[in-house]
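Next up, some structures in structure tokens.
Next come two complexes built around chain A: one with chain B, the other with chain C.
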Partner chain A sequence: MGLVDKNLSLRNRNKMLVGVWEDEDSLVDATQTLVDQGIHIHDVYTPYPVHGLDRVIGVKRSRLARVAFFCGLTGLSLMTLMIWYMYVHDWPVNVGNKPVRFTPSWIPVIFEGTVLCTAFGMGIFFFLRSRMVHGIKNDLLDVRQTDDRMIIAIETTDGVAEADVLKTMKDKGAVEVREMENGIQTVIK
Partner chain B sequence: MGHGHKIEIKQENFTVPGKAKQFAMIFMILGLILTGIGIFTLDGNDSSSHADVKDSHTTVTTKVPVVEVSNHATEMEGSENHAPDMDNEHGDHSDAASHGEHHNVENEQFGPRMEYHAQEKPASTKILANLLTAGYYFFMVSLCALFWYAIQYAANAGWSVAIKRVPEAIYTFFPIAFVVLVVAAFLGKDDIYHWAHYEHLGLKPGETGYDKVLDGKSGFLNTGMLFILPTILVAIWYFLGNKMRKLSLAEDTAKSGDVTFFRKTTRLSAAFLVLFGFTISIVVWLFIMSVDAHWYSTIFGVYNFATSWVSSISVILIFVLFLKSRGHLNLVTKEHQHDLGKFMFAFTVFWAYIWLFQYLLIWYAHIPEEMMYYQLRFEQYKTYFLANFVINFVLPFAFLLMRTAKRTNALIISIGALLFVGHYFDVWFMVMPGVFGPGMHIGLLDIGIFIFFTGLFVYWVLNQLTKRGLVAVNHPYLEESVYHDTGV
Partner chain C sequence: MIHDSLIRERLVTGDKTAADVTRDISRPILNQPSKAWKVGFTLSVIFLAIFGVSLFWTVWTGIGVWNINKSVMWGWDITNFVFWVGIGHAGTLISAVLLLFRQKWRMSINRSAEAMTIFAVICAAMFPVFHMGRVWVGYWALPLPNAFGSLWVNFNSPLLWDVFAISTYFSVSLLFWYIGLIPDIATIRDKVKTKTAKFWYGFFSMGWTGSTRTWARYELVSLILAGLSTPLVLSVHTIVSTDFATSVIPGWHTTIFPPYFVAGAIFSGFGMVATLLVVARKVMNYENYITIGHLEAMTKIIMVTGSLVGIAYLTEFFIAWYSGVEYEQYAFLNRAFGPYWWAYWSMMSCNLLAPQVFWFKWARTTPWFIFTMSIVVNVGMWFERFVIIVTSLHRDYLPSSWVMYSGSLTEVGLFLGTFGIFFTCFFLFAKYLPVINMAEVKSILRNRE
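Up next, the complex of A and B:
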């Protein structure tokens, strides 16, 4: 698996079942029902975080915190190296007769550098891992998933009773159910 | 988590378990015994520590680099022409310089400043200074619980409603601690505060021992102000806090869905926060910063707030986990605990930031009278100085970085206790070197008084927790708090 997670792409999928919801309570309820029926959910797309959804679809704990820690360490060492090089090695300056070795004035620089590297590192790695890098083509199941609708996407594999899944979705409050094959969506009445 | 099944909300009533009561009692008795032994052995120590003080007094002054003196003198000469303000601010320096022949180098540098350390102090000063420390610390910690409470309302926070009765019980302790603080300051003012001692002398300019700095500050820094101003402020805070407490109790019995109590408390909280933000520094200046009356730091109020704020959050967390272990607060989950842990983590870093930056500004400017505070604490108390940083920042930071630490009861309680003790020591370290100069140590007396007040505080808070139900059943955000979830 590369740094950019290709599994998230919808382009190379055989066939998908798509349900559209309007409110998060029935969405979470429907997701729970589908999970209970043993159906593997590809992903749920919501325009904003929905509490409890991550636990229902069994999202694993993000490793972003660890990334942040190592980015922080990188920033810390880079900044220490930088200020040591500038202040001690390359061009020592006598400021008010203060010592040139490690002094309190180094700490703000190192601290800010650590924060900068952590923030940028987290941002960059987050976007890379979520496949939101520059140049990708959008593959939204429904353009409204970025606005006010919520989508459950299920990839059909062998043994998934499509009719049953679609029925469950409708029963559990889906305002619309669709099938997607080769990138073409058809609404199922 | 919360979805799919509904959590039943019901009122819980707390009765203090016998064991907890005994525990608090044992703490108080142990504290008293240690204090007694401490006082008993104080006299013997005292004569030797006086000798210490005198000895190290000379070492302090001789240790001061002579370079500083000459630097400063030239700086003063150079700046005289174009900066008349400097003359006012550092006037006593040029005074001392002009009388240079009559004084030795040490006196020229510190003038009357360092002399107060050598001033004879009765043995009771140590007891009173410790009472001052304890009174001040517990006052600030309980007051910060009120601040915490007010912040939740002002920020419209929902997650904390399930635990809101805990800070509500903790903040009732602040008037009591304030009484201890004021009594200690009143009885010991002449020995603890050298400016109060100076006030009695009533010296005029030109007389020997006249101190231009203290004279200039006397408009604000006088015994009348020391007692009247904080008392007024505490009375106002108490009034606001009491009102919020009453509203909170009335809400329980009101009909469900009534938000008037919530709205009123929000308004009171906003008023309290503004008032507290502007006035807490005054209390800090008068009681603690004035121990070193010649020294000043503009960030000192914030530093003291940071110190007590972290401890306050630790105390809230410890009480919440205690209640939970006794089978109460059933609505509180690991999520609430985790968020309190994050709070602790964030403000541990905040404390370290203020701790460093208070010094950083002084280090940059390198003015002797500002440096004096750190000179004394770093040169004479190096172990304590570094221990303060390790206990209050390095250890908690290293552990609290981990998510596991915040969610493991034993670990988070240990860290909370460490911070609680560590920040008491932090306050101790602000007071004692200022009062006694070099050569002070943590003895049985200091430990005893801390343990006694911890016992009293725990006993008081446990009793307060029984006064009302542990769940704010009619709070509009209770349900939000019950389903609070920070994600996987």
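Up next, the complex of A and C:
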């Protein structure tokens, strides 16, 4: 499995069905109903985080927490090694005859380095995994999906009964349903 | 089960919809700047110019233009450093600690408080950096090979810990702030009309679409960053306090310093947040987002942390007496009744006594009064650092080293000038970025439980 989440790009997709919602509750309800009907939901786009939606559409728990932990371990080791090299190995300095080897006075610098590595390591992996790079072209399905609209996107493959999906979407409160092919959207209802 | 709360007061008033939130919060960005903004920005730039002149004079002539001397070797500069670092702490406290405690009221104020953190840390960093004198060799403070300086840096020194703590704090706060901004930058990207604006907001939104997959990761990352920032923020002011506490100066050499400094930092930070937000909610018409309830919650924190520092002041006195160390006892008596008595009693009245008015509901819910009190808190906290630094230093062990100290015009200029840096940055922030976290506020419109 690659580093970048391939699901996030909408380029080179089959035909897609796009349902637009205005209300959070009916969106969650519609998503659950579609999943229950055995439809694979490609993604749901919301202007704010709707808790639990990721579980409904089957997004696995992110491994970024583990990534953060390993970045932290790396930071901890690097900082300890750095201080040991500079302060003990290369040029020990006698300051008031205080000990130089692994004293509690190392803790603040090691701690700060660990936090820095964890935060930035995790941040970088988050951006990479989420396909977020400066200046990348965004794949918006609706210009208001970052404002007040919520979108369910379903990729139509051979097994998907389009008519059923459209009916469920409409019944469950979609304010608009569209079809997208080759990047061009047409309003169905 | 999720349901609309009937008991809790709404965090956002005025029956706003998600579209209303976008419209209200992005209004200053999409429209021409208001008259109030222009006046405020011009004033800030004037102060920034004062900073420029004072700094130029300091670097050009040397640190001799400050009034610091062999006894009082730290004066206004380190006072200002600790003052600004402290102010920064409220931002992290609101965004990280309140996130961990699931305090949803933070959502309307975290963005501006985090911005304040970043600008305050920039102001703070100016003082130790330029106090080094030869600022062009400032990189000697970094762990670089011997060829660059004399020797490796001293890892036993709290001054070096400061270098690591402040730079980590700044970087991590900036990352946290930026990650928090991305969904909102995307919202602005989809609203702006001009090509330049579309390009820049597009550039910084990093292709954000609001995908559920990304939201799930985003929330996890925010939570972990909050978990990291919480010990980080505590470590920063703890380390700042060890600059003093690890020395052998009576008045500084106390183990109470770390918690005392952290409480003071939160206290002063909330003072500054209150100063800014009371004005911003009025000028930018955000009364429905930053409600009286928000102000009241902040005043409660101010009262508690003010009382905490008050207890610390009294504990210091008790311990000085209880220790039986003559020098310690003298340092504290000299603080309260010596030549700097006025600074000490200003500190006591502003920090310990004044916030006690927040026991009264009226005081907690009257914006103009909260604003006045927030200024009092800021003044008091500046005096606290002045008292700790100057009164402890000005009467050294040898009476021949007894001196008086007052800031020179350049030192005053530098301090006033940092307000120029702070407010110039803040006004630019308020013009180009959403002051309130739109995405998060949209998620609490329904008052769910």
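As a convention for this text, the second predicted complex is superposed on the first by the 185 of 189 C-alpha atoms of A that agree within 3 Å, B and C clash if a C-alpha of one lies under 4 Å from a C-alpha of the other, contacts with A are read in each partner's own complex, and residues count from 1 in each chain.
The rule is simple: a contact is a pair of C-beta atoms (placed from the backbone, for glycine too) under 8 Å apart; a residue touches a chain by one contact, two chains touch by 3 or more.
Computed from a predicted model, the values in this text were never measured in an experiment.
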Have a look at where A:46 lands relative to chain B and chain C in the superposition and call it first, second, both or neither.
second
Have a look at where A:161 lands relative to chain B and chain C in the superposition and call it first, second, both or neither.
neither
Which partner chains sit in contact with A:81 here, chain B, chain C, both or neither? Use first/second/both/neither.
neither
Between chain B (first) and chain C (second), which, if any, makes contact with A:187: first, second, both or neither?
neither
Now for A:29: first (chain B), second (chain C), both, or neither, which partner does it touch?
first
Can you tell me whether chain B or chain C touches more residues on chain A?
C
Output check: A:62 vs chain B and chain C. Expected answer is one of first, second, both, neither. What do you get?
both
Kindly classify A:144 by the partners it touches after superposition: chain B alone (first), chain C alone (second), both, or neither?
second
Where chain A meets both chain C and chain B, residue numbers
49, 54, 59, 62, 65, 98, 103, 105, 108
Mind listing the chain B positions that touch chain A in their complex?
1-4, 67, 356, 359-360, 363-364, 366, 401, 403, 483, 485, 487-488
Would you mind writing out the residues of chain C in touch with chain A in their complex?
17-19, 22, 143, 146, 151-156, 158, 160-161, 164-165, 168, 171-172, 175-176, 179, 182-183, 186-187, 189-191, 202-221, 224-225, 228, 231-232, 235, 239, 438-440, 442-443, 446
Per the touch rule above, chain A residues touching chain B in the complex are 25, 28-29, 32, 49, 51-52, 54-56, 59-62, 65, 69, 96-98, 103-105, 107-108
In the complex, chain A touches chain C at residues 5, 7-8, 24, 43-50, 53-54, 57, 59, 62, 64-65, 68, 82-83, 86-87, 90-91, 93, 95, 98, 103, 105-106, 108-109, 111-113, 115-116, 118-120, 122-123, 126-127, 129-141, 143-148
